[in-house]
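Here come two complexes built around subunit A, the first alongside subunit B, the second alongside subunit C.
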Partner chain A sequence: MTTMTTRRTQSMRRRERFWGLLFVTPIGLQVVLFCIVPIGIAVVAGFTNWNVIKGTYDFIGLDNFFEFLTDKYFWTAAGNTVFMLIPIPFYLFFGILFAIGSHRGTPGNQVFRILFFLPYISSVVALVVMWKWLFNYQYGLVNQLLAGIGIQGPDWLGDPAWIKTTIVIMIIWKMIGITSIYVLAALKNIPEVYYEAARLDGASPIRMFFQITLPMLSPAIFFLTIVGIIGSLQTFVEVQLFTSDGGRNYSAATITYYIWQKAFVSNELGLAFATAIFFALVILGVTLIQFRMSRRWVYEGE
Partner chain B sequence: MARTNTAARRTGTTVSFLLMLAGGVTMVLPFLWMLSTSLKQSNLVFGPPEWIPDPVDWANYAEIWDAAPLATGLLNSAIVTVLVVVVGTFSSTMAAFAFAKLDFPHKRAIFVALLATIMIPLVVLILPQFLVYAQIGWLDTLLPLIVPGLLGNVTMIFFLRQYMLGIATELMEAAKIDGAGFFRIYWSIFLPLCKPAIAANVIIVFMATWNDYLGPLIFTSSPENSTVQLVIASLNSYYAEQTDFPLIMAASIVAVLPVVILFTITQKYFVESFAFTGIKG
Partner chain C sequence: MKKRSAAVAVFAAAALVLSGCSAAQTESGEHTITFMGWGSDTEIAVFNDMIAQYEDKYPDVKVDYITVPAADFQTKLQTMIASNKTPDVFYLAPENVMPFASSGIIADLSDYVDNNDLFDPANVWQKAIDMYRYDGTTPGKGAVYGLPKDIGPFALAYNKDLFDAAGVTAPDPESPWTWDEFVAAAKKLTNGTGDDKVYGSAPYSLESAVWSNGGDWLNADHTKVTVTDPKFTEALQWVADLSLKEGVVPTSEEESSLPSFQRFMDGKVAMMGVGPWNQGGFWADAKFNWDLMPWPVSPATGERAVWYGGIGFGVANSSKDKEDASNLAAFLAFNEDAQRTNMEQGQAVPNLIDMAKNEYLTSDKAPANKEEFIRIIEDYGRRATQTYTYNSEWFGLFNSNLASVWTGEQTAEEYAASVQDEMQQMLDDGIAEQTK
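Coming up: the complex of A and B.
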């Protein structure tokens, strides 16, 4: 009897292993074929002077790395890439604000939720199309409205000093909705008893916000910051769609744009790969540092 | 005391409503302007802003089909999106179930490896992928946009795993005693229980696939393999020079409409399932 049970459990366990592995096979294949293999290729190719058209390559050591690190366009792109972090605090602020509004049952919040989501669910292509029209120097709605109150609006799309700001405004506008949904979900998970206890102690709403709400939201804010930074540093599509050549004086080009241009416009594949690897390491480093620092301000629960 | 509290609360609600209203208007005005522009005649958009077109002209919505291969684009996007959403959801939920409820060798290591892939910049993957696709003849076909998606989606797996962890394992043990196989446990117990979370994720994957511009930009080139986003982008760069804004706006609205409709129908699942899972980094 005991041996039979053991045998049954054993065969059960074997079947569980089999099905477990089978169920993760598709995603495992995806990671190997479309992630690990490409990374391998990228790492090797970064040390060559690969020419796709001629099909030739030689190993040239670290030359590619020296080349982009001494390229002034790379550093312009690096500066622009850092600029693309500006939207994060803005959409976090407005996202939290609207999540709180929605959470306290403001009338019409179901409708507002759909409205806030419209920019997020629309494709970047459609948004850029819309933005180019709204921010058109002569006929755009924005400059016409500004003119109405006596302000001469800038050349949002053409002026190298303004194009990045135009992109930043669009990203803030787009990201507020999804941010508020994440924050709203986290708000719903804060136990009501904390507020009841605080109210009994006579705490003011402002005090409760800073002592209860904000600390309890810190894991969500951390998550959104990490994902936000990884995403923002990779800004590319907006730049490509808004400027198609990186903007006058390379004013909007980001690092991903630089890499794309090296690979597909000027055919310097080895250089593109080297830059991409370097960039990946930077992102990894930034993410690790954030996890380190998070211990100081993220509430981890009892 | 009680009265001041109610009064304070009412003021709070009013302030909060006004803020939400201001936000909501900011979100929706650009879309209304887009719609309004799309209903104007091309030469009538350069005057002072006019919200209600006079006359309302639907002709742009008829013209866009000839101005660009929009129908082909919509069809290609539909093929890619439906395949990726249907098959990919199947692959993702299976993996999520295995990670949440089954025991198998190297489970933790495999899961951590999956999560690590989220941090890899897309550009590092997309360049070598391009070279591989060039070798195996996939360039300028829809395959690069479809095949990886069929195998699943890491974010969806992560999210659904969290969700399934919240479902009692006793259900599974009971089914095992009744002699149900693992596939049946997955299919007839866990899938139905995860419906709201799956619904929310389906929208996210649908959106991401339908709205994808980078993939089509890099992997496809000819008009007959263009997705709707590529069609709109090239329409934009072509007609913006001729400043035919109403035509471009009409085409963009057609491209955005499927996602907006789908989202409006299913939006209630969003907050529910996000809240259930909680967010942990």
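Coming up: the complex of A and C.
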């Protein structure tokens, strides 16, 4: 009798394991085929002089790494990439502001939510086309409005001193919507009792915001910062669409743009992979530092 | 045990079915070749039509026509080359001939050109075929690696109505203006302010100015950067000054706000460089009379000069059906119907000399001076300098901050001096790559 039961549970477990494995197979295959294998190829190829057109594929050690680290255009691109972090505090600030504004049944809040969310779900290509017109030097709405108050607007897209700023403004505008949606969800999760207790103790609304709301929002803000920094560091489409060659004097090119250019314009796949690996490690490092620092300011519940 | 043998049987059966399929295919002799290109919707429609005709003529061959947006073409092609799936026939830019030929990606078509039933090489513009020649060291000579889809001479067009209104007479096609005469005419044509501003000319072709002045980006054997040569900087400065000093060309900010092409179409620019591909658009939308005139000449040489471009068809060296692929390339390049359609739609000057001279030149559509296109092809047109080098990174660098000359932030001399050394470095790297 006992042996029968153990055998039955054993076979049941085996069957469960079989089905379990079967169910994770698709996602497992996806991870292996589209993540692990390509990363493996990239890591290996980063140490070669792989060039598709010439057909070369020889191991050249660390040469690729020396090449891009001594390339002044790589460092220009690195500087521009850091510049792309500027939008993050801005859209976090405005996102939180809008979320709080539309949190408590403000009239028309649904409409506002949709309006703010639209840029995020719109195609970047369409947005860039629209922005190119808005920021057109002679006929753009922005410069015409500025002219209305007596200011001659800059050549937003052509002037190397302004092109990055234009991209930054566009990223801010695009990200406010998704930020406020995340913050709104986090706001809804703050138990009302905290505010009731605070009110009983006679706390002012400002104090409640800084002592209750902000700490309770910190996990969401942390998440948005991590995702935002990674996204900013990977800025590419805007650069490629706003400028045809990375901007005058490479003024808008980011590291991702540099990698793309090395891979698909210069055909130096090996060099591109080496740069990509290096860049991935940098992003990983930045993210780890953020996690380490998060202990100081992110509230993780009792 | 039983289960395993069942599985084996299934696999064996599947294998049989699969191999049976491919065997059946080879028996009937039918096979598929791939052709990859880009183009406007009309162009794609013309090609689909041509491909259908080709398939009628060669019933054994099916053509798989892949169209890619022009901007993605190079990336896509490169990916396909990397994965050994190079299309049998594909668009080949002249500047790709050298790298592609030296690494064996494109097939040598010389024998095919000399012995084929589809076209007579003597009836094709010499320069159109020469764009795809490479002898192992110099482009433009030696074996043929591609057939021309078209050849694009860049001519100077003008708005006759604006000329008449300003009392300017265009020069005789045989005796071009000098630069000074051009500037004087452009000044007369420039007038108005704000949204009504009419400019004498669109930004002037830098190639035309530099070459006519006796300069060039590189020396004759394309090993030394020569942009600091006074002949070069003088021409560059002259082009910049058309806007900065003379005010007869839109400023670079105005140009980026509203390209001169649009201004020309609106009758707000009187002269502009155009190619045969612009004719169709002008026929449909231009509300003014227009014609071509010869490019003005620099006092330094008195010679006209300008560039011609073009794109061709290459055949993959890895193609299993090179003969069929070459036939397709030749069919698309020289088929009379296709050439005529392209001509009638105002897309190109025919590749076939007899058709260009008998049908194109005699048609009554604008421009009246069609001969100018032909003269550029036969006489004074040149290949762009950057198509003679292994890669054009040196040229990309030259262009990357050229706008600082157009805006007057730097003089031509200052700019040339600031980029010369790095351009030379990039050119040297390219030469080293080529010989590696």
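The rule we apply is simple: the second predicted complex is superposed on the first by the 290 of 302 C-alpha atoms of A that agree within 3 Å, B and C clash if a C-alpha of one lies under 4 Å from a C-alpha of the other, contacts with A are read in each partner's own complex, and residues count from 1 in each chain.
Note that a residue touches a chain if its C-beta (ideal position, glycine included) is under 8 Å from a C-beta of that chain, and two chains touch if they have at least 3 such contacts.
Predicted, not measured: the structure shown is a model, and the values here were computed from it.
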**OP:** Return first, second, both or neither, reflecting whether A:249 touches subunit B, subunit C, both chains, or no partner chain.
**Re:** second
Original post:
Does subunit B (first) or subunit C (second) touch A:82, or do both, or does neither?
Top reply: neither
**OP:** Would you mind checking which one, subunit B or subunit C, touches more residues on subunit A?
**Re:** B
Original post:
Which partner does A:139 reach: the first (subunit B), the second (subunit C), both, or neither?
Top reply: both
**OP:** Scan A:264 for contacts with subunit B and subunit C and give back first, second, both or neither.
**Re:** both
Original post:
First (subunit B), second (subunit C), both or neither: which does A:151 touch?
Top reply: neither
Original post:
Touching A:52 in the superposition: subunit B (first), subunit C (second), both, neither?
Top reply: both
Original post:
Residue overlap on subunit A between the subunit B contact set and the subunit C contact set?
Top reply: 52, 138-139, 264, 269
**OP:** Provide the residue numbers of subunit C that touch subunit A in the complex, in ascending order.
**Re:** 74-75, 78-79, 81-82, 99-100, 103-105, 252-254, 256-258, 391, 393, 396, 399-401, 403-404, 433, 436
**OP:** Please give the residue numbers of subunit A that touch subunit B in the complex, ascending.
**Re:** 12-13, 15-17, 19-21, 23-24, 26-31, 33-35, 37-42, 45, 52, 94, 97-98, 100-102, 104, 106-109, 111-119, 121-126, 128-134, 138-139, 141, 144-145, 173, 176-177, 181-182, 184-186, 188-189, 219-220, 222-223, 226, 230, 233-234, 236-237, 240-241, 244, 256, 259-260, 263-264, 269, 272-273, 276-277, 279-280, 283-284, 287, 294
Subject >> Contact set on subunit B toward subunit A in their complex >> reply: 12-13, 16-17, 19-21, 23-24, 26-28, 30-31, 33-34, 37, 45-46, 48-49, 91-92, 94-95, 97-99, 102-105, 107, 110, 113-114, 117-132, 134, 148, 150-152, 154, 157, 176, 181-183, 186, 207, 210-211, 213-214, 217-218, 229, 232-233, 236-237, 240, 245, 248-249, 252-253, 255-256, 259-260, 263-264, 267, 270-271, 274-275, 277-281
Original post:
Where on subunit A does subunit C make contact in their complex?
Top reply: 52-55, 136-140, 155, 157-158, 160, 245-246, 248-250, 264-267, 269
